[in-house]
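You will see two complexes here that share chain A, one where it goes with chain B and one where it goes with chain C.
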Partner chain A sequence: MKQLDIPEWLTDNDNYIPKADKDTFINKSILSVFKVISRIKMQDFSQSQSFVHVSLKVFFTFVLLLLLSITRSFVFVIIVNVYLLSVLSLINAESLVKILKMSLGVTLFTAIIMLPAILWGNYYSCVMITSKIFATVTSIGILSHTTRWNDITSALRRFRIPGIFILILDITIKYMYLLGNLTLNMLYALKLRSVGKNKNKYTSMAGIAGSIFLQSKEMAEDMYHAMECRGFTGEYPIYNKSKFKWVDYLYIIMNIGFIILFFYFAKI
Partner chain B sequence: MVIRMIEIKDVYFSYSDSLALNNINLSINKGEAIALMGANGCGKSTLLKLINGIISPDKGHFRFNDEEITYKKLQDSKFSKLLHQKIGFVFQNSDTQLFCSTVFDEIAFGPRQMGMSESEVEERVKDCLDLLNILELKNRTPYHLSGGEKRKVAIASVLSMNPEVLVLDEPMNGLDPKTQRWLVDFLNKLNKAGKTLITSTHNLELVHELSSRSVLFDENHAIVADMKTEELLENIELLKKVNLVDQYYHYHGNKEHRHFHDHN
Partner chain C sequence: MHIPDNYLSPTTCAVMGAAMVPAWTISIKKVKEELPKAKIPLLGVGAAFSFLLMMFNVPLPGGTTGHAVGGTLLAILLGPFAACISVTVALFIQALLFGDGGIVAFGANCFNMAFVLPFLGYYIYKLIKDNVRSAKGEYLGIVLGSYIGINVAALCAAIEFGVQPLLFADSAGLPLYCPYSLGVSIPAMTIPHLLVAGIVEALFTVAIIAYVKKVSPGTIYEGAKQKTKAIYGLLAALICLTPLGLLATGTAWGEWGTDEIHEVVSGEKALGYLPKGMKEGFSFEAIMPDYAVNGLSDIAGYILSAIAGVAILVILFKVISTFKKDKVGN
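For the complex of A and B:
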């Protein structure tokens, strides 16, 4: 292979003074992709093993959500809220703050939406709905912050959810991370090469989106071939060897208690 | 005269809870060619990101051309653009660096932003295409090129901005031996022309040709050696200690002997 001489401009330094340009869009994109990747990565590093069996946790969280949505008893909602706040007090401070931020934010938004009802004097519905929303968001927050996503997907297998659905969920999480990393690096490259005034910012972003699409297509094809080579026939078995402990039985009793309370307050 | 270009002092950096740079002290002079070596995940790429102003240290100081580079300064668009023009970064995965529709546009991306006239841009692009021997790729789509061609286009796209420092993250990865050899010769030529080169690499066979000085990271993300590359390569015990090489025994004919290999 031939190599030519280094051109003269490359041996001298450019006397370049950049012009100001708005690149908030790139910076914000970098930040948002980084947040998603960090969230997925943190799940992997999470040392906190779930206290109770994940299948039970997923099942009873959905039961609790169902009970909350159909109950007409304010006392029941308050009892659930007190229980959820006690659970919150047991988890680590970082997750606690994140869950509370989310639940309080959504509750506040709901309260604003419900303002006209207060003005019309319908206080009961307003307080009831906002309390229900707080409990719902908090319970989902506790589930997602104290359980790893791959544990949740494997728990779904116990509920006879088709393997192909769980496979798609698992692959989605994997590709969110892989493509997220790729996007992040492409945005970094764009930022590093944006050394002046870029008149075609959106063209560059479209280029990044196109390149990610092509690479994701290639990754999907490679994965399909790899699965075929490994004898994939559409079955996606998940082996979960974890057994029930005494805490799990306690958890079952407590949740049955909630179901009894639901019917008790429904009768009053 | 020796001019200190990059100075990194007592630098620490962490990603969430995991430490990536542990008390890093390093200075690089203008026109030097330096290699960063270490096992996977030891912090080489993080240090390269720090030098390029993608991240800023949690603790410690980073100076470029006697100017302190801080998070606050990097938020200033003009300042960070000038830093990015002076320090060019070639990513490990060339695909992440190529986002334009043709090779020509890819290489012209930097010079066009620098406010050059279209004739100047064309001249620069042509010089870069000639220099990297990829003139025939001018109108091709970067995505459809081979690994070696993509790497050449990625280097050309950075060179066209005429950076003072060229930072390369694992430039030999995924290249065939002929292209690797070509790249070593090319980088040496750039270095002789006055460019400062910082290369992270695992390639123990070519590192002594790439750089006269090497910095070795251990698995605690700290620098454990900063010496001449030849000397470092002879210190097999140290290379073994940082898990960069392994020692094994095998036979060639009837003769038993041992030699080291790297963990690529």
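For the complex of A and C:
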């Protein structure tokens, strides 16, 4: 009987150690796409109903931003900041940390930018701008983290923003998720296949973005046909006729209070 | 380049927003004309694409990474009008839902990134592409278009920042919003963009367009021919704008004698200066020495970047003119 020989190359110990290659940029891209996707995905799990009427929330957030931007009274800014912090304290811890991370990050950045101006003697206005920035970013964070995004887009309808714009906005958010998943999968594939040194990684990056563009064009056409088949005519009515509750009236009164405070401090 | 709220005065934001209204209206009209089929979903999906494009990190020398804006890329792929709308929607979502860029400053951000960037980038690309009928010419167009596009957008943002202390000061003469004058804001904004972000943008744009052309030629937006003349007007306006900015800083920090301050200010009361603080003029004198020390370098820095800007434009025109000669020779 003939003995089965194991080929020599099979018995050799193979000590392949892949050469280290820099791929931080892939990791970073994966991370930033992932962040966006998870933010959108979170919408499904967030509390179904916002505490106050969403239209009111969006409207008064805009008003507050405008007042903050116009005001010259530091006391008013401090009052708004205290109010926002107290609202923050009512939010669940997970969202709270995310909102604070964002607003503190932006505030810190502003503070660093304003540092040279402080040395020039613009102490007052720099502190003012920094605290204003904190207030605006926090209030946007609160709005975006405590409200479902499709509620925000439909609330915009009440401000006479054209339906087409809201439709585009809705499509954008949905496709950010779809295309984001696609991007993630391609980035994973690139990372998995880049064993050792891979000089083509940079061109692959462009390939991923290019593929997403082509894919998005196809998706857009498919979607248009699907919409047309279902009788889409370009009109985009929104049926949302919820009524105000007592909390909403309280919210209105509170915000009118802010407007009064704004004018009160403007006069001093 | 996302300007947060409170860096710019609400009036500036309102003016920029008002400037964007016709741009948006025309864009929507044009998109409807040019893309009768599949028009609406394409805009939404395009916006999603442009949003994701900003998530792509590109390696930079020195181990760090940066991301591209992709305004010119979108304009070349989808057409400048669709790009305008897509970037606007992407910016809106960033501002409202991700807290990146201000709500009040939304108009200003749109002006820089959804209007100046895609339109200028696209028309530079188109001008060079139509004049140089070769693959090289087209890629040159892409590189210059995306590079100049993002840099001019950054310059616009810098000018918006820089005019704040000139126009809006409190009764003590201290700036209410962004405290840095043009002399500081322009180099601060343009130098990183000229050296880093612009190069990233150009590389990214070229690589993606090369890929799309290879994989699926014919998907790239084809604009109408006669429109390219608009670029001459646009460039001329920009050249006019550059010395204008210089003039503004000159009168602001360089040429005002202490006796002149009263006159200049009383003429500009409407711009937000309170007369009381101006009559005293005390705090102005308190700051002036500081500026006098830094002033020279401030103005020098501004002039330097202005010269660089003009020089780049001149170089651009010269490059274009040599290509024209080549074409005749062929």
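By our rule, the second predicted complex is superposed on the first by the 244 of 268 C-alpha atoms of A that agree within 3 Å, B and C clash if a C-alpha of one lies under 4 Å from a C-alpha of the other, contacts with A are read in each partner's own complex, and residues count from 1 in each chain.
Please note the rule applied: a contact is a pair of C-beta atoms (placed from the backbone, for glycine too) under 8 Å apart; a residue touches a chain by one contact, two chains touch by 3 or more.
Predicted, not measured: the structure shown is a model, and the values here were computed from it.
Looking at the shared chain after the overlay, A:7 reaches chain B, while chain C stays out of its contact range.
When the shared chain is aligned, no partner comes close enough to touch A:84: not chain B, not chain C.
Using the contact criterion defined above for the overlaid structures, shared-chain residue A:207 touches chain B and also reaches chain C.
When chain B and chain C are set side by side, the one touching more residues of chain A is C. When the two structures are aligned on the shared chain, A:140 is found in touch with chain C, with no touch to chain B. In the superposed pair of complexes, A:16 makes contact with chain B only, with no contact to chain C.
When the two complexes are overlaid on their common chain A, residue A:186 makes contact with chain B while staying clear of chain C.
In the superposed model, A:38 makes contact with chain B only, not with chain C. In the superposition on chain A, A:52 contacts neither chain B nor chain C.
Touching of chain A by both chain B and chain C, each in its own complex, is seen for residues 22, 207-208, 210-211, 214. Taken in their complex, chain A has these residues touching chain B: 1-4, 6-7, 9-14, 16-23, 38, 41-42, 45, 182, 185-186, 188-198, 204, 207-208, 210-211, 214-215. Interface residues of chain A facing chain C in the complex, by the touch rule stated above, are 22, 24-25, 28-29, 32-33, 36, 39, 62, 65-66, 68-70, 72, 102-103, 106, 110, 114, 116-117, 120-122, 124-126, 129, 132-133, 136-137, 140-141, 143-144, 149, 152, 164-165, 167-176, 178-180, 183, 202-203, 205-214, 216-217, 219-221, 223-225, 227, 234. Interface residues of chain C, counted against chain A in their complex, comprise 4-7, 9-10, 13, 28, 37-49, 51-53, 55-59, 63, 65, 67, 77, 85, 89-90, 92-93, 95-99, 102-104, 170, 172, 174-180, 184, 204, 207-212, 215-216, 219, 286-287, 290, 294. On the side of chain B, the complex with chain A involves touching residues 16-18, 49, 52, 54, 77-78, 81-82, 84-85, 88-89, 91, 93, 95-101, 109-110, 112-115, 124, 127, 130-131, 133, 143, 157-159, 161-162, 164, 178, 182, 185-186, 189-190, 193-195.
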